[in-house]
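Before any comments, here is the structure.
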Amino acid sequence: MQRIGVFVCHCGTNIAATVDVKAVAEALKSEPGVVFSTDYQYMCSQAGQDIIKNAIAEHKLTGIVVCSCSPRMHENTFRKTAAAAGLNSYMVEIANIREQCSWVHKDMPTGTEKAIILGKAAVAKVSLNAPLTPGESPVTKRALVIGGGIAGIQTALDIADAGFPVDIVETKPTIGGKMAQLDKTFPTLDCAACILTPKMVEVAQNENIRIFSYSEVTDIKGFVGNFDVTIKRRARYVKEDLCTGCGACTEKCPQKKVPNEFNLGMDNRRAIYIPFAQAVPKVATIDPNYCTMLKTGKCGVCSKVCTAGAIDYQAKDEFVEEKYGAIVAATGFNPISMDKFDEFAYSQSPDVVTSLEFERLMNAAGPTAGTLLRPSDHEHPHTIVFVQCVGSRCSSCAEKGKEYCSKICCMYTAKHAMLTRDKYPDTDVYVFYIDVRTPGKAFDEFYRRAVEDYGVHYIKGMVGKVVPEGKKLKVQASDLLANKQLHIDADLVVLAAAIEPDKSARPLATMLTASMDTNDFFTEAHPKLRPVESPTAGVFLSGTCQGPKDIPETVSQAGAAASKVIGLLSKDKLTGNPCVAHSDENMCNGCSTCANVCPYGAITYQDKEFRMPDRTTKMRRIAVVNEAVCQGCGCCTVACMSGAMDLKGFMNKQIMAEVDAICK
Amino acid sequence: MRKISLDKLDQLFAEISSKSALYIPVDTAAGAKFEKYDGTKKMSDALNTVRSAKDFFFPQTENLVDFKVEGKTIEIKETVKEDEDFVVFGVRACDVKSFEILDRVFLADPVDNFYKNRRDHGIIVSMACTRPAETCFCQTFGIDATAPAGDIECHKTTDAVYLEAKTDKGAKLLKSLNALTEDADASAVEAQKAQTKEVFKKLPLAGLDASAFGDGKTNEFFNAPEWKTLSESCLGCGTCTFVCPTCQCYDIKDFNTGHEVKRFRCWDSCMYSDFTRMAHGNPRLTQVERFRQRFMHKLVYYPTNNEGIFGCVGCGRCMAKCPINMNIVKVMKKLGGNK
Amino acid sequence: MQEIKREDLIAKAAQLLADGTVDRVIGWKKGEFDYDVTPAVFTTKEELENEFVWNDFCGANFSKYIKKEAEKSESKVMAFLKPCDTYSFNQLLTEYKFDREKVYVVGVPCNGMLDDSKIKESASGISSVTEENGKVVVDTLYDGKITLERADVLAERCANCKSKKHAAYDELLGTEGEVLDSKRFDEVEKLEKMTPDERFAFWQNELSRCIRCNACRNICPACTCEKCVFDNPASGVENKAISDSFEEKMFHIIRAFHVVGRCTDCGECSRVCPQNIPLHLLNRKFIKDINGFYGEYQAGAEVGSRAPIVDYTKEDLEPSEAVERGEENA
Amino acid sequence: MSIINDSLIPVIGVVTDIRIDTPDVKTFRVVTPDGKKAFDHKPGQCAMLSIPGVGEAMFSITSSPTNTEFMEFSIKKCGCLTQWLHAMEVGQQITIRGPYGNAFPVDTEFVGKDMLFIAGGIGLAPLRSVINYCRHYRDKYGKIDIVYGSRSMEDLVDYKEIIDEWVKDDGIDVHLTIDREQPEWTGHVGFVPNYVKELGFDTNKTAILCGPPIMIKFTLAGLQEIGFDKTQVYTTMELRMKCGIGKCGRCNIGSKYVCKDGPVFRCDQVDELPDEY
Amino acid sequence: MQVNEFKPLIVAFCCNWCSYAGADLAGNNRLNYPAEVKIVRVPCSCRVNPMFILRAFQKGADGVILCGCHPGDCHYTSGNYYTRRRMALLFSMLDYLGIEKERTRVEWVSAAEGAKFAATMNDFVEKVISLGENKRLEDLRCKK
């Protein structure tokens, strides 16, 4: 049985005006366990806290109840007060008699009566409280960044700069991601490569960063501070440490007909290839699907031309196991498939391209070496139609598109239109849009320049159909403002395809026990207040894996994620929330229901030997809660039929005692 | 001996119930059950009620005392005694006998006044059996179902109910009913008795013999290996104990209503694992021990403490209601060498 | 009458005992009468020949015994399972209640089991129950032979059998049946159509008979907690007796809630209730709601399935709508 | 309408003194609200104490019947109720009913005998009542030997009374022992059963044994080794009890109810009971 | 004038992150609601065991309301989705047993919805008052 002290706060007149605080203190005196009860002007003041501290010492209190403002306000204050007086800080309960009593009820008798009941409930609860000590776990001071795009790069650089080792895992042979494929970037029109490649080089040169390119994460175990990750390094048949990136092999390789994914299949590469000139690591990779040597055992040209002796046809996938303290998901995005958008004739005409393909067509390192030419006949297009929101904001066509706004399309389309008009003033450029959304720094100015200075024809309306006819693309559209049907004979149609999270995100989320939304974007721990953290402790979100965003946003989020990681890694030990679930092994029947509902994957099972009453032993499966992972929601406690699972700080008994006290 | 024709039975019930509460067995969807007579209910012809008649004297739960706790002080609020007489009509011989078995527990020193109070106020009108069921084995324990006794003993024939007072209490009640009843000779009753006794001889369990058990046989049976196999199928539920007319184990528990603490007594079952559990262990560890306790109590311990009287009356309720059909007859046959 | 003969079951069990596949057999043991069959463990052919029965009264679900036996030793135990039993079996496996390898399941087709209490309504002093020409013939002490229609004395759960198909077995005797389109929710719908007052009166009457013998819980294949909350003084809801009509509601609501998504609708709770409370109507209400709210789900149809109560979709209906929907059915 | 009086209905007791004996044993002094002893008892008998809403349990009355002012209970903290009892403060009311059980045959078999009391740990509690009874009626009994052992010096219940009173009495020999060496301890070290054998009493005595089951088992064997017959040895038992009057049906060993036919049993009687304890 | 005005007892379980904060906001904005509403703070609506709800009714509550974050906004990502299913099934069962469905409610109240909290409570209390005392899930022993 506890020795409980009750402290009733006047909060000036905030409480005292509608609650007879002295009556409350007096009434609670006769509650079981209460050995001291008093009231004071401002309990949260230094003097008020001293009253509490003195009472704890004088009356040997084992628990205290503060009747005051909301626990969301001062629970921590009073917990610290208790701790300072040598009382476990979880032996404190707050009765909220301000926000939920004095402020919402008008007359004194009502307020007083309710305050007494709330006080009784808090007394009932605290008399069942047990001292809680937050658990501690060590932190592995190494971070893993999954994805080597600009998000991953920035996160890794920031973490590395703070002095912590970071590993980047990238599925492609090079880091760089989507940004490496871009031509210019809005709204400043910097060349993407010019600002990205120095960062890529920085990554390569940073001693704290290791790059696992052409690799993927296959297994993640453990929890915040202590992840065990298995990384599969796919065989690239070229020894990374020996390859100098001279490119001799990629020139001599007889297999020339491999679609070049970097240029989105608009030109070809060899079976052994370096994705692009500034690739990091600048190492060749053999594509086993096309390499004659690997497929038939006959060829070996690259091996012959490689002076470094880096070619290794016998290479096998390797698995690396590594420990990390934090994991950053930066898996990025892809434009959605245009397969289902037959109305735009994407699959029928090569001259209907996606915006990303258009980037490559504009890029000096692209298939057309920077000259804007139609893919079909390499002629210069004179009329270009841009179609926005292809698959975005598709509330009625969810089966082929996405319900959300892809966010970046308005701006890159303006960029494309502007650049086209800038380079080729003879070209007519039409942009069909639903809305133009430009809420960013210098964004709207940029868009207006496109319209006003560059004479891009912005038409509010949707393109209904694109029909290839001879060399032309017949575009049927509606102009909603003029309320008329338009027919445009275009030479090139550019589709601003919606973006979606990379396909690797879903399996990754499963491995991380991180939650995702229905669109497979990672869910943040809190949409406003914790936007770069996953609800799963130790997992952070960087870039478009969390939601559509442009480069500056991505970079700032990447930095934010990095700072969270740095904050985590700079701790030697993690102190958990002690209000976590706990399973009584004597009652647990191992049914796994609790694990099914745990959002954090905090519950695992083990077989344990029990001594039975008849002196035999029995192996039983029991649930074990990883306290470092559990966030204390209590979902498992209700799923548990036997009541073996309980939540510290909010035990079944405590809540029922509160209910009992309220209903007394 | 008095008699009343069947068509006047309702008048008899009306008369009794006008002076005191009257309970008669009535048919319900869930079998026969004693219910308070309200002027409309019809007496069941069922052989026996699903639950025994022990509830009248030893209800499933009863409040013993209330406590009002305030600060360090406790106030005891005692339970008020119910002084009203009540009549239970149609109790079969086995249940009548069960009262004697319960009496030997509850009326032994120190007397249980809750029980005694009800016994003092209860008048038992028994009903002789004419159509025993295959599960009946009261004769094993020397009970004559054709002479059930009680305060008034009744025999129902095709056209009348014969009533005979067996105690002063019964005589008083019967006398008060003289206006409705008429004098009768015992011949019809005797004839029916003889006929019923012949039926009893033919019952499948007629040969069941309890003589192997009884006073002082503890060590003969306690360590019998058969307990393990017999108890194997037992689920550890309390059905047998709760339908049993002689099971009297109880628990005392407190319930905090929020404004006072109610101390109540409720039926308990030795089949339950927590029956004997203590802070530091449980002497009856597995269902084997608990199962053994129940049958040893009925067949050995009770007779040992009560001049050889068995703690079972052969009503057959446990046979009918056990979810897995394990029962005292199977135990007696296995252990007592009955075939 | 059952499709497979007792002799075939004994032969199968004896063979499995003889070839060492198993060393114990869970089966039904004959009692004093034709109808009081008890689950039992047999270890020899002789025991089987003397005491094993397979008749219209072998309704008992072996789940509790399988769990107990499977925990006992390293060797295998054989169990005869009727189609409905196999759902319970799978559900126990889903909840890791025993090692599948320890049990050898012989599936037995079932033509439905009889309810001895229904027979007793029409016959007293029963000396034998047999079958002639598809009818149930009861020999009695008083009225001679009474012939009853099988359908009239069939157990409720068998009259509304959900499946004649075994959800699990190692070996099947006889032919495999099919999942049936049963009328098992009719009774629930009837209740849903009543007014709240009628429903309350109905349940008040039914539940007030409860004597808290715990038979429903102890037989229930889903009730496999190490310690039931109602037995655990530390749980705060322990109650042993029905001291107040509230407690019987509490017990039965919570018990039914604890088996939501886990109850296979085996009907054992109603079968064993000494007070004939139709407890299955509580479980079936939950099953019906689950089917209606979240899509058809049959617990135990497969091992490892995720019960709807431990799952969700973002579009689930709101609790208020759930109650409304119940009204619409009315 | 009248009130039911029943032995199951307790009376109110007030705790007037709480003595801390050992880290987990406290001795509570209980009287009725008007300051009297709740009821008379015989040595070895028990009472049901309860805190309403928490529970009720049987405890042996550790004070001697010769004390006419109050009753005392030495209670070890081991379960829910005892935890609550330990948290009590002076002035707290509890409920009490009794006396229950048989008693030691202090006025029959024991008269004129040399007495040997052997206790372990909290097992001294039921014996204290008998010892003080014997001390009070000193002439009725022969020589008194007390062997008492505990885990450590701190765990010796009633140490003060033993040292201040018992040891000083004529004709009483107190032999104390603790399980393991302790710096401040100058007395004997070792387990009770062995100590009894070491001391080697002559067998013309009545022995009373109380302590944990394992101690009872070995001490009884030891006593038999040095020539005691089981008929000379008494012990007391403890089982789960609810009613205290042999009706609730849970504390039986065979046909004997510990609460009514016990808790005092002669060891040869124990042998006749089935092995359920 | 009614002499014995029926004052219902309402237990409101509020999740710490949204609804409890919403209730606090109602306080900050001085939005009145009946004092019969007593709030029990739980970390998440999914912490509320059906047993707590029945317990409240047993001990004398006339209505029980559960408040949690809006679906999709759960602090613990998915807790309220489980709450939704559990309570849908439980309330449907209570309705099936003939217990007035207006006595139980689940409401999603965000931290910003102080007004909604107050309005919800006002409405709920009104409904419960119109139903009168809880008779169908009462424990007679707990009546004063």
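To keep things simple, chains are lettered A, B, C, D and E as they appear, and every chain counts its residues starting from 1.
By definition in this document, a contact is a pair of C-beta atoms (placed from the backbone, for glycine too) under 8 Å apart; a residue touches a chain by one contact, two chains touch by 3 or more.
Because the structure is a prediction, the values reported are computed rather than measured.
Identification of common neighbours of subunit C and subunit D yields A, B. The greater number of contacting C-beta pairs, out of the two interfaces A-B and B-C, is seen for B-C. Centres computed as Cα averages put subunit B at a distance of 39 Å from subunit D. If each chain is reduced to the centroid of its CA atoms, subunit A and subunit E end up 34 Å from each other. Centre-to-centre separation between subunit A and subunit C, using Cα means, comes to 47 Å. For subunit A, residues touching at least two other chains, in rising order: 597, 639, 652, 656, 660, 663-664.
For subunit C, the set of residues that touch two or more other chains comprises 229, 236-237, 243, 309-311, 314.
Residues of subunit D in contact with two or more other chains: 80. Counting only pairs that meet the touch rule, the chains in contact are A-B, A-C, A-D, A-E, B-C, B-D, B-E, C-E.
The part of subunit A that touches subunit B in the complex is made up of residues 30, 32, 613-615, 660, 663-664. Residues 29, 31-33, 36-41, 60, 64-65, 117, 120, 124-127, 141-142, 209, 211-215, 217-219, 231, 240-243, 268, 271-272, 274-277 of subunit C are the ones that touch subunit B when the two sit in their complex. Subunit E contributes residues 59-60, 139, 141-142, 144 to its touches with subunit B in the complex. For subunit B in complex with subunit A, the touching residues are 69-71, 256, 258-259, 282, 285-286.
For subunit A in complex with subunit D, the touching residues are 1.
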